[in-house]
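In this document, chain identifiers A, B, C, D and E correspond to the written order of the chains, with residue numbering beginning at 1 in each.
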Amino acid sequence: QSAPQQLLNVSYDPTREFYREYHTAFTAFWAAQGHPRPRLSASHGGSGRQARAVIDGLAADVVTLALAYDIDEIAERGLLSKEWQRRLPDNSSPYTSTIVFLVRRGNPKALRDWPDLLKQGVSVITPNPKTSGGARWNYLALWAWALRQPGGTEATAEQAVAQLFRQVPVLDTGARGSTTTFVQRGQGDVLLAWENEAHLALKEFPQAGLEIVYPPFSILAEPPVAVVDQNVERRGTRALAEAYLQHLYSDEAQRLAAKHFYRPRQQAAAGGQFPAIELATVDTVFGGWGRAQATHFNDGGVFDRIYRPGGR
Amino acid sequence: MREATRDPTWLSAGLIGLAVLIALVVLVLPLAAVFTEALRRGWEPAWEAITDPDAISAMYLTLLVAAIAVPVNTIGGIAGAWAVARCDFPGRRLLVTLIELPFSVSPVISGLVYVLLFGAQGYFGPWLQAHDIQILFALPGLVLATIFVTFPFVARTLIPLMQEQGQAEEEAALTLGANTAQILWHVTLPKIRWALLAGILLCNARAMGEFGAVAVVSGHIRGETNTMPLHVEILYNEYQFVGAFAVAALLALLGLVTLGAKTALELLSRQRMGGHA
Amino acid sequence: MSVRIAGVSRRFSGQAALDDVSLEVATGEFAALLGPSGSGKTTLLRVLAGLDFPDDGRIEIAGTDMARVPARERQVGVVFQHYALFRHMSVAENVAFGLKVRPRARRPDSAEINRRVRELLELVQIPELAARFPDQCSGGQRQRIALARALAIEPRLLLLDEPFAALDAVVRKEVRRWVRGLHDRLGITTILVTHDQEEALELADRVAVLERGRLAQFAAPATLLAEPATAFVAGFIGEACAIPARILHGRLDSPIPGLSTPAGWHDGAVRLFLRPHELLAEAGDGPALVRMIHPSLGAATRVVLELDGHTLEATVPPGAAVPERGGRAAIRASGAIAFAEDGMRARLVAGNLPAHASAP
Amino acid sequence: MSTAPLLRRPFLRRQALPGRGLALGVTLMWLGGFILIPLAALALRPWEKGLPAIWEVLTEPRVLAGFRLSFGASALAALIAAPLGLLLAWVITRYRFPGRRSLDALIDLPFALPTAVAGLAMTAIFANNGWVGSLLEGWFGWKIAFTPAGVVVALVFVSLPFIARTVEPVLRDLPREAEEAAATLGATRLQTIRRVVLPALLPALITGFGLGFARAVGEYGSVIFIAGNMPMVSEILPLLIVVKLEQFDYAGAAAIGLAMLLAAFLILLALNLLQHGLRRGRP
Amino acid sequence: MSVRIAGVSRRFSGQAALDDVSLEVATGEFAALLGPSGSGKTTLLRVLAGLDFPDDGRIEIAGTDMARVPARERQVGVVFQHYALFRHMSVAENVAFGLKVRPRARRPDSAEINRRVRELLELVQIPELAARFPDQCSGGQRQRIALARALAIEPRLLLLDEPFAALDAVVRKEVRRWVRGLHDRLGITTILVTHDQEEALELADRVAVLERGRLAQFAAPATLLAEPATAFVAGFIGEACAIPARILHGRLDSPIPGLSTPAGWHDGAVRLFLRPHELLAEAGDGPALVRMIHPSLGAATRVVLELDGHTLEATVPPGAAVPERGGRAAIRASGAIAFAEDGMRARLVAGNLPAHASAP
């Protein structure tokens, strides 16, 4: 118990800033419990790539990814229990987010709701759903909206999504790449982004002249967290790893999440900065991530159909 | 008017101008962009980015990877060049082709092949895991991917030179009673030393700058398995553009110093050998 | 040391570069390997040095079979055609190399090595070049460095591959005499490769003539000149001109008059080889066209003639009228060597002139 | 006289110069360990799912489009880089001018600059708010970044040194006398270059083209930033490999990788044969 | 066409490769430039071809100043030392090159070009090689291709830079005679560069001897041999051996006995040049050591002697006793050329023997 323990959190791109602060907080908390100060490290990248790294042997103690599907894939290889999502409260998602619009100041194209995005001449920036978890949320948000419209069917939803992607000039591989393309390279009229990413962009690029637009309806993004059983067993870090995830639900951590523009599960921590909009969930609309992924994003799925010659 | 084959001044001046223009647009401009971005807010933020602990650990890792990969390819490259240029065996042409093969392999594939071999789902993955040997997402993986990508540089510089030089001097040494090690050390290495150094420097430059292959096998653990090019990407993704380009500029600077050293060596060798080297 | 080459063959992708070559060189002898380009001279030398290996046959040096003796243990000094000096070493380091790479037990200490290098450089008369690099030396000097380097290992056998080919005509003559002088002083068995017959004849005690990988003749220079074993040797050695002729009804029918008929030869084609001094020319209304006059002081004038499309070299005997360039000349043979198609050989002497030839 | 006829034609002929065993041993370990075994893994992996699955992967429209883009843009880039590389090689070997050595060293820059950095820098330059991109867009209305043209620009950067560095030594060794002979035969300088110099350089130019092309086909880091990555339009093959991997489809990724490797190899082989044909009559 | 070279100098970074060279070659003449390596032969040839330009002096061809005429308009055919054939063109394409690059107005049509190429290849006797590539031809064949290529432009002047240097000794002799024959048939003014004096003397009507960029003598071969203008020419042409001697109290004091004293020379050092036929040797108790015996059939035997550290070549007169290798020989001179330090020159003849020399 005397040697400082190491813990590796394999996460996805937009959580960098949040986990950097969380590590300071958790280290203090853990030391205060009488443990030696742990050495916490993090790895960030596209959510899918990170999941694959864990599958290929990256020794993650915990994974904190963009989608339940990515963790499901890890569980599929037996690295953790398939029941992982029940082990922590709130679907193992200590914070949530949603998809919003980031537009140029003054919102020159008057983009307020999803149908505005589908108008002629509107150029939309989003990453590639095949490589980016964030992009999948974007895609599903639009799909869910289209289904809710009067007369909305799978077919009209597919049409809407196809129309949107026809208006995308650049498909970056990750959420951060898209933000750079939108902000730095000046491409597109609107960026579909995580709420937290949009706020971060406002903060990081105060000169860029950006505004956030909340559509009346969006999707509830639940980035999940889990302990990788096989790895913590091997490394003897289960206690630390479980505490690390548990503590994400603490007041302190919830406030930190809110500070980094994640919607905390504890409403008290939110501080009223998150406008209330109507949010659909993957489980209710799509029957869970496994089905969503298989129907829409796997090879031969709906997304591929959009780009097939004649499939548009 | 001096030599008959000298091009007219307008032509040579025009061609030189054109070449310089091309070099400026295609080669210098990206470099200039890197430095401009790095120094956009002056020296201080750039300096801070470079001296950040994570940057320093990335630098250390990059140098360490190069320090392992380059000697491996140097020794292998010398052996390969010797085998091709000094030995008689069937399949020499095939050997040259195989040595050059990694040039035409995508860096992504160079990383992928090691994932296929050593990944937990790969051929040797289960065995490695059973024996608690970490290759991927650790130093060995980075080194392997770097070796793959920089594999042909030394051999490719040496082979044409050694073929052209012929082996008369080695044979002379042999008749004078020298053994293998003595021939290698006293005759062959001095004969090829400048080309060898040039090859090593190119290999080193590429080893330090490799991104695609390393990205696949790194694991991207801050301060642990990030090399400089990966650290650049991370900083960039954190919207720390100045920091990203500062580290990139440092990396480019290392490359430039390497290339400068190579040019100086070539100059030196031409002087030493009276234009024959 | 004596050298015995017995039935040696070496084939390169089917082509025989050496084809059943056998010859013996005695201790202290100076032998030459002479032959046109591609005749296998270098190949034989390399086989002797252990740089290449025969497909068949054996090599013995001082009575020992060399089959399993690697080059570096043969103690054979080699001077390569382009010298193969170590360009990155000074002259002294080049010469010292063979001593420095000896196994520690047999290696002289460095003072001794320095002394030996000085001695060798003095022997080859370039002590002042010790500190220079090969690239700073002239061709003749490099040749001496190469020789000193080869001599440093106290070779039992010295092999020289066209050591004079890269030298200026003037320097060449001087250096080759000096090499022969050195041989006479040191007495090392020496084999010299050359394609210059003048060089071989001047330097060597015996000359081996190679023709397309086969040994045509191995004999003393005077023998080669007087009694060439084959038509190839007769044509290659000395400045003989070849003329086709034939024996018809038991009599020699030749475009050049003056020769006796070899006794007992059958009718058929023969080839005559005439050396310039055996072909006598004189201004006059003869069959030959005068192409060139060799100016020469003191010796008999030589002329180049054209006869039936053949170029011939002839001598104008003292007292005879020297023809003009472009004019005509009468010719007569005073001797020749004849080869029949079946390999028969005869030396012809001046004989009765047939009626149709005009004598000068 | 040899003792056993079997010994007469051994697989490896006896060789005087020592070290063959050692050199071959080290070379084969080096080559085998670092290149052949990993590539064997690449070659084996796709078959796990069987031939039809491989065929399906390779005939996906997006993959086909990727092949078209990767090979087409690489060929175009190498075609553009060939005259540029030739010009650079010509200038640094034939002329003496201040800055020649710097120009010489610059040619190797793409070897030294990390590809990702080069990609970021070029995107910044060629985006329509960048140094060059804004000019091109303003003057001609051309868009470079986020279009296939951007891919070609990045690949030119990558393949340029391969071409320049292959042509340069040949140009350096080209005997001046051949050009002088042409002059004494009455040829103008232009005729000399067109009929004497260029044909002599052609084999090297083709080799360089092949190397540059092969390198460009595999390039990843410098392309993804500038490409725009639109499926069917500007999505390069290495990116498709990455996409497959994101879906945990190792066999599919390996199949594309293997197909790329084979295609590049075949093209190199064809260029080799062409080059051989051009050297008719030469050893 | 006649060629006039007047006061031509060419300096390379301060060093003069050509130093005030003047000479005139007449129309149809065959001239040779002879000199040791680095004496400026190639430089002069390049200046004539317009491939290089003099720092001083002028070149006239057929009376026209060439200063402003570029190489491609000079109509000068050049055969380069290594032939400089176009490796990527077939033999026929090589030969046709000079015709194909003509301005369209003067360019023959392709049938005419083909005819001319065939004609030229027949002239140089290699019509069967038309479709081959230079790398598939032997040295002698390449030489002919180069010649045909140079002749294709109907040159007014033909320049040959050591055209035989790369050839085998046997081939060389044949090809050079053939070249001279071609010249005699075509009558093109020709200048041949060589460092082989035998070649120059055999081929050329007149020979220009260059010494370190300066013209030492330009004369017919016989004149060069009989009356060398400088000690350099005397030593370089013919196989003369140089011996230092001096005039002491008005009498020649020489290690070789038998020579008269030049009339009217002052005391001082002189250099004697003796050709082998002027130095007579005989077995006997003389001062010279016999190093080598040249075997030779028909002609007088030649021997190589060592005297006071000098190597001499001597002749054993017919009837005299031939010495043994390693033995001693008595020597006597029958003639020599003497040069004093002030440039005085005299031909010495056999004279009174001083008392201390022994005559054979």
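Convention: a contact is a pair of C-beta atoms (placed from the backbone, for glycine too) under 8 Å apart; a residue touches a chain by one contact, two chains touch by 3 or more.
Fair warning: this is a prediction, and the values are worked out from it, not measured in the lab.
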Steps needed, at minimum, to go from chain A to chain E via contacts: 2
Contact-richer chain pair [D-E vs C-D]: D-E
Centroid comparison with chain E (C-alpha atoms), farthest chain: A
Intercentroid distance (Cα basis), chain E paired with chain C, Å: 24
Distance from chain D to chain C - Cα centre to Cα centre, in angstrom: 53
Chain centre separation in whole Å, for chain D relative to chain B (CA means): 16
Rounded Å distance between chain A and chain D, as computed from the means of their C-alpha atoms: 39
Residue numbers of chain B (touch at least two other chains): 4-5, 115, 121-122, 171, 174, 179, 236
For chain D, residues contacting two or more additional chains: 13, 16-18, 124, 180, 183, 242, 245
Residue list for chain E, restricted to those that touch at least two other chains: 49-51, 70-72
Interfacial residue positions of chain C with respect to chain B in the complex: 49-51, 71-78, 80, 82, 84-89, 97-98, 101-102, 135, 149-150, 152-153
For the chain B and chain D complex, residues of the former touching the latter: 4-5, 7-8, 11-12, 15-16, 18-20, 22-23, 25-31, 33-34, 37, 72-73, 75-76, 79-80, 82-83, 86-90, 95, 98-110, 112-117, 121-123, 144, 147-148, 151, 160, 167, 170-171, 174, 179-180, 183-184, 202, 205-206, 208-212, 215, 228-229, 232-233, 236, 244-245, 248, 251-252, 254-256, 258-260, 262-263, 267
Touching residues (chain side chain D, partner chain C) in the complex: 1-2, 8, 13-14, 16-18
Chain E contact footprint on chain D (complex, rising order): 175, 177-178, 180-188, 191, 195-196, 199-200, 202, 278-283
Chain D to chain A touching residues, read off their complex: 60-62, 123-124, 127-130, 145-146, 224-225, 228-232, 239, 242-249, 252
